[in-house]
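Order of writing sets the labels: A, B, C and D. Residues in every chain begin at 1.
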Amino acid sequence: MANSKFEYVKNFELPDPLLPNTWIVVRIDGRGFTKFCAKHDFQKPNDKRALDLMNAAARTVVTDLPDITIAYGVSDEYSFVFHKSCTLFDRRSSKITSTVVSLFSANFIHLWPTYFPDSPLSQPLPTFDGRAFCLPAVDNLRDYMSWRQVDCHINNLYNTIFWTLIQQGGYSNQDAEKLLAARGHPSSCEMTPDTSQGTVSSDKHEILFSKFGINYNNEPEIYKKGSVVFRNYELVEPGTHNAAEEADALAEPVQQSKSQAEKEKKKRRKACVVVEHLDIIKDDFWDRRPWLLSNKPGKTPKET
Amino acid sequence: MANSKFEYVKNFELPDPLLPNTWIVVRIDGRGFTKFCAKHDFQKPNDKRALDLMNAAARTVVTDLPDITIAYGVSDEYSFVFHKSCTLFDRRSSKITSTVVSLFSANFIHLWPTYFPDSPLSQPLPTFDGRAFCLPAVDNLRDYMSWRQVDCHINNLYNTIFWTLIQQGGYSNQDAEKLLAARGHPSSCEMTPDTSQGTVSSDKHEILFSKFGINYNNEPEIYKKGSVVFRNYELVEPGTHNAAEEADALAEPVQQSKSQAEKEKKKRRKACVVVEHLDIIKDDFWDRRPWLLSNKPGKTPKET
Amino acid sequence: MANSKFEYVKNFELPDPLLPNTWIVVRIDGRGFTKFCAKHDFQKPNDKRALDLMNAAARTVVTDLPDITIAYGVSDEYSFVFHKSCTLFDRRSSKITSTVVSLFSANFIHLWPTYFPDSPLSQPLPTFDGRAFCLPAVDNLRDYMSWRQVDCHINNLYNTIFWTLIQQGGYSNQDAEKLLAARGHPSSCEMTPDTSQGTVSSDKHEILFSKFGINYNNEPEIYKKGSVVFRNYELVEPGTHNAAEEADALAEPVQQSKSQAEKEKKKRRKACVVVEHLDIIKDDFWDRRPWLLSNKPGKTPKET
Amino acid sequence: MANSKFEYVKNFELPDPLLPNTWIVVRIDGRGFTKFCAKHDFQKPNDKRALDLMNAAARTVVTDLPDITIAYGVSDEYSFVFHKSCTLFDRRSSKITSTVVSLFSANFIHLWPTYFPDSPLSQPLPTFDGRAFCLPAVDNLRDYMSWRQVDCHINNLYNTIFWTLIQQGGYSNQDAEKLLAARGHPSSCEMTPDTSQGTVSSDKHEILFSKFGINYNNEPEIYKKGSVVFRNYELVEPGTHNAAEEADALAEPVQQSKSQAEKEKKKRRKACVVVEHLDIIKDDFWDRRPWLLSNKPGKTPKET
């Protein structure tokens, strides 16, 4: 595009590469979704259609960008993880972020009528902002994913009881808030293995059960766990892999022959991108799916 | 969202503020539009429906974000300019870029059926990437805008003759390319006032006229000039303002009383966002619309 | 340095260019100077030898780096301003910052024995940290310089009376602090033309005069104004130049012939780098020295 | 320092934190050392006094900044490695870089007379520039250190024969260059275990031995290996530690009790900072000194 004496302005566009050999996370968030949810009468505390739409949009993003190894969504946010060996767009931050945001937004709008056939969109349209950041170690990545899933749990438990108090208990918003405030916010680690029986959390379970006969554990997994999106291959035997250790052992992109790279690319394209609602905090999820951290496609699952 | 021992990962999200007192430009570009245009049979060299759709999407972005003072579009790219005093999202680069990209993408998809009622979208959807950068002086901003408009002109002249040779002259793609290559690419400054009669450019005009009876000057302005989007107020008298000088005189956001700020905000919201096809290289465009550089809303145009 | 399979690590060194067409300021600060001053019995409130040493070191930095247009020092800090057209080290931030810091530190140590012949240095040596930042407009630069000079004034007035109370009034540190706290910190704009008679400031003047017979206005300029370092040429007539406006008019580095650039370089090398103690807040300083903002060397002063 | 209407300029100083949980390397390089070496008649190919001075300066930097875990120097460059858990200056890039550069420069000047008593410094003084960058994994750090040491070896072998040809063989600079060019530059991996007998390298050894009776292996270690600077504790038994693996297992700074942290700090201060000339490419160096990667002080060596 060399064209003129004006061209020097190109130099104002500064480089923004992300640090090599780090996991890139792009997290997107709905802009002004409180109003948007009200406009379209989203069900409380969770609107199944809206979550299905979010997941369908995320699935398209993961399918479109094979460098994404896993994505996790809760409420109106989604985190997309690019493998640390990724060289997409020379790891330019704004290019990666904007591409994810654009793909997600476009699909959200495009798929809307499928999930909300009776509630056509109007201005202002639903949109998403995004940011990219780098996580240097597998442990940081695992902790990030756990952070989001703990958040999902805490908020869902709170929202479930809050809306039950209102919808079934006849509480006003304020009274429900007051009741819950008195009992404190949930302790920080309640979802992690060793502290899952935290008092405050069990207190909420108790209210739900004793007042309304609701067993929180029977609530749908999609609400309690959020949604994980990834390419699916055959699970490996438990205990045969330490996925985190293997991943950290890769200091730089493995030098592959072209044919080998091509072969893996094909495999990745053929793989089915699935949406699941699993515990991603425990090791098991990662150890049985070593391809998530190793970036080496697994075996195609046998058809049944 | 304080919730757990995992929360430390928040610290990996590093700050990315853009330099204060500089013009922020977010330029977005269509991803893989060559294939996309082919899939939907876009007309060559310009598809009026596609340009109208781009402009409609851009118009919504400008309407939605009052901090945008002007936008300029050509082909599958659009540049959005935020006034240098803008404090939107604390000037965080990824937040600003992703919001523009999301708004544009969402509207492009949403408005598609209006402009292409007979060519429904399918995967992969049209998407856009984006980047933000800073321009410190009004002259840099003017030069950036000029750069894009010169580019529009050069490409459109080339494409016009290229496709005329093929569509009306029966040339093959290769023969048309060869013919044009022999005559060289257009000189760099041909669109600027003093050199507009450059030989190479006039040569192309000549081919169009002598061979096909086409006077390039009569081609539609939207193709020759691209599209400018801005809030419209009453034009000021020519020669009464030196917009660039006034803008550079503002070293920091003017301290306004709240009521004054509120008043200006209202005026901005009421203003009509227009799409025009004007010369934005010459001073006249800017001097008669001082609000573009000053960020002070002008007079609402009298209705006629 | 191509040498091995290890070489890929070069890619971890990310680019850090500073925005073009902006004034680059590198400000350095003494590390742990409170202890250092005590160790070498610096005189209070100002140690003339230490300030002369700071200025001598700064003078060498300015002489060594012709891209520096002006520098300003107060206490143990110094700000070095590179002209906005500067392309030194391709405007790489860390390269520019570290070079200034290294030059200053090296000269500070090297010149120490000249200014403190009886107080040899010992570990830990005096050192300085630094940072670079960009100022887009001349007004921002002028405001930055004014900010530092106002700071100099406020601190010096406070310190002068504080140490006079102790050294001549027999106050304890605590009592002196208490007395001054009761009268409040100086008003913010007292050094600027129109508000220089602020109550709080004049109150301090009054204490100095009535209690100790000291007229603050007669204190040495180097303490009241700090130190300005620049290349010296012949002053121009007052009122013939608006230096700020001229500087802002330059959107990009002027295209010079090589011989012209060489000529200017020579002139700059021949110019005398001076250390002065002048008011740099008022326009006069800048308008009579247009070369500071224009980067065009002035006339060599006639010898007398 | 709140003081005035000018204070808004503080906002132009943008944050520059380095990514957490990554190894920070600050590499410094001599500016214009070719000229500087000539001025002070540095011996060729290596000047022992100059290297000792570099090492003494580096030793002071490591002593002064306990966050530095190891440093490596060759020729006029030195790399300082901060442990990935380091929080010095909130990991601000320019603050860390400038502090290292200032400390090194100050000590280089201060110690000069000790190493060059007969060659006093004059303007321009020797100075150093610097830059900081992040390495995410221990493997990247090890590869970086290896890269520098391989570079040391390659250059020293070349320089040794080059200067022997001139000093003992009576070659002109050009003839020596030509002879060496004909035999090619050394292969890339010659210093790594499995390829150390590369032809090109052994060819140089041969010239040295057959023509001049010099056995390169008998050259001083400081020239062949460069210099490593670190805190010294008791070596652990070979094979008892996998230092790299242990280090990667730390995803974030270990939560220590204050008293524990204080205790480690004391140990670090008491530790002796040594300068050695060892192979840092092989695992052995790291495995026997686990404190370098773990950041946990080892046992104080028994006095002998």
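The definition used in the following text is that a residue touches a chain if its C-beta (ideal position, glycine included) is under 8 Å from a C-beta of that chain, and two chains touch if they have at least 3 such contacts.
Given the structure is predicted, the values throughout are model-derived calculations rather than measurements.
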{"item": "Shared interface numbering between chain B and chain A [over half = same, under half = different]", "value": "same"}
{"item": "Chain B on chain D, rotation in degrees - Cα superposition, rounded to nearest 5", "value": "180"}
{"item": "Between chain C and chain A, distance of the C-alpha-averaged centres to the nearest whole Å", "value": "51"}
{"item": "Geometric centre distance via CA averages, chain B-chain A, whole Å", "value": "34"}
{"item": "Whole-Å gap separating chain B and chain C, where each centre is the average of the chain's CA atoms", "value": "42"}
{"item": "Touching two or more other chains - residues of chain A", "value": "8, 12, 14, 19-21, 134, 140, 143, 252"}
{"item": "Of chain B, residues touching chain D in the complex", "value": "8, 11-12, 14-15, 17, 19-21, 252"}
{"item": "Footprint of chain A on chain D - complex, ascending", "value": "19-22, 84, 134, 136-137, 139-140, 143, 245, 248-249, 251-252"}
{"item": "Touch list for chain A against partner chain B, complex", "value": "1-10, 12-14, 16, 28, 31, 60, 64, 92-95, 97-99, 101-110, 121, 123-135, 140, 143-144, 146-147, 150-151, 154, 186, 188-189, 191-192"}
